[in-house]
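A, B, C, D, E and F are the chain letters, set down in written order, and residue numbers restart from 1 in every chain.
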C-alpha cells in the first residue's frame, strides 16, 4: 500500500520570541520554518511515510534555509519551486497563564501566492500517492490559488488519491463569506474534513441543532451533530472535529471526535501542560492521515491522532517530532512522563 | 482631565539569573531596569498616560542605560538627575514549586539616596499633573529623603494633585519601628494607600479585630476590617489591599480589595501560573491609579487593577507590558489564553 | 563526631538540550558534570560535611573540567585519579507534560571502568570517615569494579564506617540477573539501603506479600512490607523506599518511607512542579545520610530527606544546591515559594 | 541656535544571524530596529541634539517595538504614524574575511510606503528645526513618496531649514535610470549631499575627469573632481564623499572628503577591524550634520564625521552609540583602544 | 555526465565550546554533526551534485539527529546504516591568536567502526556514480574497515568510478607505521591523492629531495618535488598538496598545488582571518572533486578548490555552506567582503 | 621547596556585556569572579602550586558563588572570611578596534574593605608559604586596610616569605598623592615589584632620565632606567616592567623586562589578537612568581611570564586558564595556533 502523502501549501518562516518574552521587549527570535501542511508532513515523514511538499519559496538564502529545514525532518522537497522574493512570516509570542499567545502574520505577496502549475504535470506529483492534504489557508492566501487547487484535486482524484482538508479558518487572511464560498466549491473534492466546531459555524454556518446545545459549551451530542451535518452536506467519508478547552495559555484539555457514516467516536481527553501549541491541529491531521492510511478502526485512528497531537504540545516549533513508539506508549495509557533510561 | 502621573523613587538595575538557575550556579544575568514607582509608571505610559519620573541615576553608562530603558517604555525622564557613581542593584533568582525566589539588594550609597531638590522647582514637576505616586522604599533608603518627600507632597497638594502610596515594607531596608514612625508622618499627605495585610500589621500595628479572624488566613471580613482601620486612622479616600496566596513559587492566587468610605469591594481572584512575580504589586498600583483617574466605579477599578496585575505575572521583567485591550479582555472573562491570530 | 562521607562512583559529563528542545532539533547542550554518588556528595558538602570522591577521570581537559566542577561545589577531589581517555556521558532531553524525559548513555569504556586500587591504601581514604556511599551503577559498569568495591567495603567496615547503598537499577547497564547476583553479594556489607519498590522487585524479586497489594498501586502497608523483607533478608539497619508518583513529566508527587527494625515512618508528600528531576533520588540519599549522621529520630530524618530532595526537583543540573535553612523552612511547612527579600 | 534635526525615512526591523552564522544554518536572529535616517538621528540624539523622526510603522506590536527602540536611544517619535500591517525587514548575515556580508530586503508593501502627509502640517514638523535629513532609499521605496518628499523639502526651505541628503543608491530598490531622474528633481532642494564615488557615477553619471584617474582606484584628485562636479551641477553648499576600502569583510580602511566651494578637505584614514559595518555611512551623515550645525571649520567637520563613523564600525546594530567624548578622544589621536578605568 | 559522488566515512557529533571559551570554563556546547567525507559531500551537494553517504550511526535519537543534519544540507543518507549505541564525538575548543585550537576525540567503539557491507551490494552504491571519496581516518578507526574499504574500492573501479583519498593522518587514531602500511595498500586503488607535505612525510616517508629544501619552510620546488614523488610511487593521476601557513590561530595563509603528470600548478594564496578552520581541508577536497568532475583545466581546478576552502574558514561548523557564485566571485578576485545588497 | 603562594586582595564579581555589546545596549551580562591577586593565584593553582586566598566576601549567595568560582579553579579559600553585604563589582564592556574597553567600578563599601585580622593568626596563613602577593588596589580600597597589610607583610617577613607587589595604580580608587605616600610605606616590605612605566611615574614620580627618552615612546634604555631607579630607591631584588603597546583594542604588542641588580632582560614581544585583556597584568605576575619560585634564570623567568600572559589575552574572563605545557610550547616558539589533535 502506498505511503506517500502530498502536501500542498505555503512554507513560512516562524520567528518566535524567546521564553515568555513579549514582542515589545524581545531582543532575539528563535527561527523555525513551518506551514500547516508541512507540519503534518513532518510528522508523517518521522513515522516512515513519504511526505512530498508542493510549494514555492523565494530564490534567496532564506528560501534555501526553509528547504533545508524541510529536508532535515525528512520531507521531500523536489516539488518546491524557487521563485520570488518574499517568504511569508509568522511572528509568534508565547502566552502564559491568562496571557494569550500572539501571532503576527506577514504573508502578503509571498512567493507561494505566486505558485504556478504551468510547468507542472500534476500526474508526476500524484504518481503512486495515497493522500493529498491541504488546509484552508492555501486558498485564503490568494484567489489565484483556487483554480490551481482545483486542478490539483482533479488530478488527485483521477489518480485515486484520497483528499483531506483541514478547514483552518484564519480571519486575518479572508472573510467568512469568501471562505464559505471558496471552501464550499472545494468540498466537492474532499473526502476527509478536519475542523473545529467554531470554524464549521463561521465558514459553513453549521451549528449544533435542537436542544443538544448547552449554553457556552457544546456537549458530546452537539459536537456529533455538527460532524453529522458536515458529513451529510458534503458527502464526506470522515469528519474529524478537534476539541480544545483553553483553560489558560498554560493548561489545555485536548481531544477530538471522528465521525464516519456509521460511527461517532470520541478520543481520550488529555490535560496538557503546554510548551508550544502552534501546530497542534496540524499534528492531529497527521495522526488522522496516518491512522486512516494504516486502515485502523475508527477508535484507534482518533486515539492515535489525539495522542500524537497531545505530544506535539510539548515540543518547541511546529513540527511534531515524536516517534511512533512514543505515541503508542501514550495511547497505551502511559502519560506519566517518567524518564526513559 | 490631566493624565499625568508623577513617580518619585529609586531606579535600579535588576540582574536576574536565567531560567531557574540559582545564584551559585549562574553564569549569566539578564538585565532589566526597575524601580517600584517606575514599574507603575511604565504600565501607565503603555496605557496612554504621561508618566514622569523624578529620580537620580549615576553619570556613567549604566545610568544612561537605565534612562534609555525608561524611555523605551514611554516614561518621561526629564526629571531624572544625573549624579553619583552607584546604581542600586536587585539581584534576582526565580523560584519554582517549593523553592522560593530570592532577592539580594545592593542599594547602599546609591545615586538616588543623594537625590536633591535644591535646584528643583517642585511646581515644575507637578504642573498639570493628576497624581503623585511613591512607595515606602523611597524613604526607607535614606533618612535625608524624608524631608525631600515631604516637600514633594506639600507641593503636590498645593497643585491639587492626588497622592498615592504603596506601603511596600522591606525589612532589609529599615526596621518596623523606623518604617512606622516615618510612614505615619507621611500618611498625613496620602489620599490613597496600597498595602498588603501583613505590612499593615508590621508598619502600623493594624490587625483585623474581633472574631473576624480565623487562624492563619484572614477571611474577607478580616481584610475589610484592616482596610477600615487604615482608612479611619489616616483619613484616606481609598485603601487597597492586595491578596496573594502563595501556593508555591509556581502557582499563586491573586486578588485585591478596594475600600472607600462607603464600599469594600473584592476583585475577582485569579489562579496564576507564574512567569515573573516581581513587580506584581507595582502593576496593581498602576491599575488602581488608572481606574481612579478614569473615574470608574469602585468595582471596575479593583477589577481592572487585579486583571492588569494578574497579567504582569506572565511577563519577564518588572514592567507590565500589556495593552488596555488585553486587560479588558481578561476583565471580560477571557482568561483562556487562546492564540490571537 | 566525624562529618566525612566517602563517595565511590563514576563521574560523568551531562549534556542537556536547552529548555524543552528534543535531541533531534537541538543545536546547543548545557554542560553539567554528575555522578550518582557525587550528586549526593555535593548536597552534603553544601551542608557543611566533608564529601570525598573516589573515582577516575580522563587526563584531558574535560577530565579537568569535571574535577573543577566538583571542587566548585565543595567536593574533595584528592582521590579522583587521572587516567584514560573517555569521560562517560549522559545526554538528557527534558520531558514535559505527557512527553517523557529521555536519557542516552555513552559510558562504555570510560575512565572510571578502569579504576584501580592498586596504588591506593583504602585506609587513607576511610581515615576519620563516617560513611561510605555508593550506588548500584558503580558495579553495573564493569565486572572488574566488583572486587574493588568489596575491598573498599571491607576497609570501610574495619574503619567503623557505615555503608549505605542506593540500589539504582539501570536496565541499560546490566541485566536483572547480574544485578541480583552482584548486589546480593554486596548486601553483606550494607547497613542502609535506598531503593524504590520497583527496583526491589526487579533486582531482588521482593514484592509486597499477601493482600496488602491493591492492583497497580501499592498502599502504605505494601511499601512497608517490601522494606521489611529487605531489612530481614539482608540484616539492614535502615531501608528507605522513595515514593514517586509520576502524574506527568511536569507534575510529580514525591515522598519516601524509612524503615528500621522498630519503625516504619512515611515522610510528607509533596506535589512538585518539576524543573529537573535527574538527581532527585541522589539528593534523597544525601538527606538520609545527613539525618542519620546527625543522629536525628526516624521521622525527622525522612522528613529532611524528602524535603531536601523535593527542592532538588526545582534546580537545573544534578546537584541539590540548597542550604540547610532552605530545607528546614520547607520542613517547617513553608512551601509557599514566597520571595525572600 | 536650534539643535533640532528632522529625519524622514523608513523604519525597519533588522534581523541578524548570530556571530558569523550564515542564513542557511541560523537558528536565531538578533533583533535591531533601523532606518538610514533613524540611524543618523540616534547618533545626533546621543550627542544632545533633538532628533525628530517622520515615518510610519504598523499598528501591531512590532510597530510599537520599533517605536520603543527609537525612544530608547533618544529619538522623538511623535511624528511616527501608526498604520498598516507590514514592517520592512532587513535580514543581515555578517561576513568575515573573504566572505561578504549579505542583506536580504523584505520591504515591499511596508507601512512607510503608505506614509501620508494629508493630515500633517509640515510647518509643525519643521518649527524650530535646523536640518532635514533624508536618504535616497525613501523615494526609492515608492513613487508616491516623491511628491511627499518635495512638499517636505519645500516646507523645510520656507522654514529656513538646511536640507541634507545621503544618496544611498540601492540597486534592489530601483534602477539607475529612475534613481537618476528622481534624485535630480530632488537635488534642487538639497544643500548638502553625501555619497560615495560609485553612487555618483551610477545615479548621476558623474565620473572623475581627465588624467586624474588611475586604473581601479581614484586618487585624491579624482575624488575631489567628482565632488566638484556634483557641487557645480546642483549648486550645493557641501559635498561629502565617503571613502571605503574594503580589504576584506574584516578589515576596511575608512575616510571621507568634504568639498565646499572653497575647499576640498580629506579626513584622517582609519584602518578598522570591523564588528558591524551596517550603518557606517549613516553615522558619517550624523557626524557631518553635527559638525556643520556646530559651525566648525571644514577640516574639523570631516575629521569628526570620519572619527564618529569609524567608531560605529565597532558597535553591533545600526546605531552609533558613542559619546561626544569618545569621538573627540579618537579625533585627538587616541585610537589605541586602551581600557578606560 | 554523472554528478554523483560517494562518500565513505564516519559521521560524528561535534561539540564546540562557545566563542573562545576553553573546555575547563565552558558551560555550553554548540552542536554540529560532521565527518571528513560528509564535510566534502555537503559542499558538493550545495553545488548541485548528488552526494551519497555510506556510513553507520547509532539507532538512538542522536543518530537520527545526525542523519537529519546531513539531509538538511542536501546529503543523500539512504546508505547510512542504523546500528549500535555510540556516536563518535569531536569536542572542539577554538583557539585565538597564539593559543591553539584543541580537539578531543571520543570515537572508540563507535557505530561506524562496526560498519558492515554484508547486506550491501556495492554495485547499488556505485551505480551511476562518478567519484568515490574517503579519507585516511576511515581505515584508521578500525582494522576491520580496511577489507571493507578494499571491497568498496574494487567495486568502484569495476563501475568506472574515480577514487580520491584525503590522507588526513591523525596521530591519535593510529601510528605512522600502521598508517604507512595500510595506506600504501589502499593507494593501489587511488587516482587522486590529497595531503599536506607533513603527512606525506609521516605516512609515506616522502620528503623533498636535494637542495630544493630551505630550512624550515619548503619552497615551491620542494612542494612540487613531494607531489612528484607521490605521483610516481603510486601512479596517481593527480596529487594535491594543501599549503597552510599558521601565522596564528587567528590568521592563516592558505593555498595549494595540484600536480598532474604534466603540470604543477600553485593556486592563489589567501590571507584568512579565521572563524572556524575545522573542515578546511575537507572543503578543499570538495572543490577539487568538483573541478575535476567538471573537466576544468588544472589551474582553474586548483583556484576553485583553494577559493572554496578559503571561504570555509569563515563559516562556523564543518560544512562549507557557500554557493558556486560566491566561490566564483572570490576566484574572480573580489575578496573585498563588501556587503551584498 | 614550598610551592605555596598567599594572595591578599579583594574578590569581586565581573559583569561583562556579551560580545562587543556596549553598556547602553546590553541585555545580558556574562558573570565572572575576579580579583587582581586571585587572578594571579588561579594561574599558579593551574600550574600545580597551592594558592591561598586571604580575603572577605559577603554572607549571601553571591559571596558563596564567588568562593565556588575560586574553588573551581583550584584556589584554597579557607582564609576567605564571610561577612558584610556587598560584593565589589567590575562592569566590563569589551572594546574593539579604535573603541576602548570600558570598566565601571562599584566597589564602595564592599565586604573586603571591612576585612579584619583580629581573629586571624597571620602565622597560620604564612606557615610553609613561599610568597605573598598583593597589588596596589588592596590598600587603595580603604585606609583601614593599610595597617592590616603591614601586619601581614611583617608576619610574612618573619616567616621567610618573599613579598611581591603589583603596583596596579587605579585613578578611580585613590589619588596619585595617596598612592605615592602609602605605597612608599609599603615598599619597605617588598622584594619584587611589578609595574608599568606610566604607573611608576604617577605613583613614585620616577621617570626615565637623561637623553634615553625619545618623545612619546621610551626606548629600551629608558625602560631599564626606570627599573633601575625603582630598584635603587626601594632596595628591591627584582623589578618587572610590563610593556604594552595598544595599537588598538583588537591588536596589542606585549612584552616586559625584568631587572635585577645585575641584569636587565627584555622578554620576547608578542603581537596579540585580543579576546580579553582584563587580567593580562595579573597573569604576568603569576608567571613571574612561578619562574622565580622555580629558581629559573632571569631570561627564562621573563620569557615564561610574558608567554603565559600573552596567552591570557586569548581567554575570556580574568583567569589565565592555560597549562604549563601550553606556555612552554609558546616559549619554544610555536605561536602558530595550529590545531592540537
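For the reader, a short list of remarks on this structure follows.
Methods note: a contact is a pair of C-beta atoms (placed from the backbone, for glycine too) under 8 Å apart; a residue touches a chain by one contact, two chains touch by 3 or more.
Quick caveat: nothing in here was measured; it's all calculated off a predicted structure.
By the residue-number overlap criterion, the interface of chain B with chain C counts as different, with under half of its numbers used by both chains.
Centroids of chain C and chain F (each the mean of its C-alpha atoms) stand 42 Å apart.
Within chain C, contacts with two or more other chains are made by residues 19, 22, 24-25, 27, 68, 73, 102, 105.
Shown are all chain pairs that touch, namely A-B, A-C, A-D, A-E, B-C, B-D, B-F, C-E, C-F, D-E, D-F, E-F. Those residues of chain E that touch chain A in the shared complex are 68-69, 71-74.
Residues 15, 22-31, 60-62, 64-65, 68, 85-87, 89, 91, 93, 102, 104-106, 108-109 of chain A are the ones touching chain D in the complex. Interface residues of chain B facing chain A in the complex, by the touch rule stated above, are 19, 73, 270, 272-276, 310-311, 313-317, 319, 321-322, 326, 329-330, 335-341. Within the complex formed with chain F, the chain E residues making contact are 19-22, 24-25, 95-103, 105, 170-172, 246-251, 277-278.
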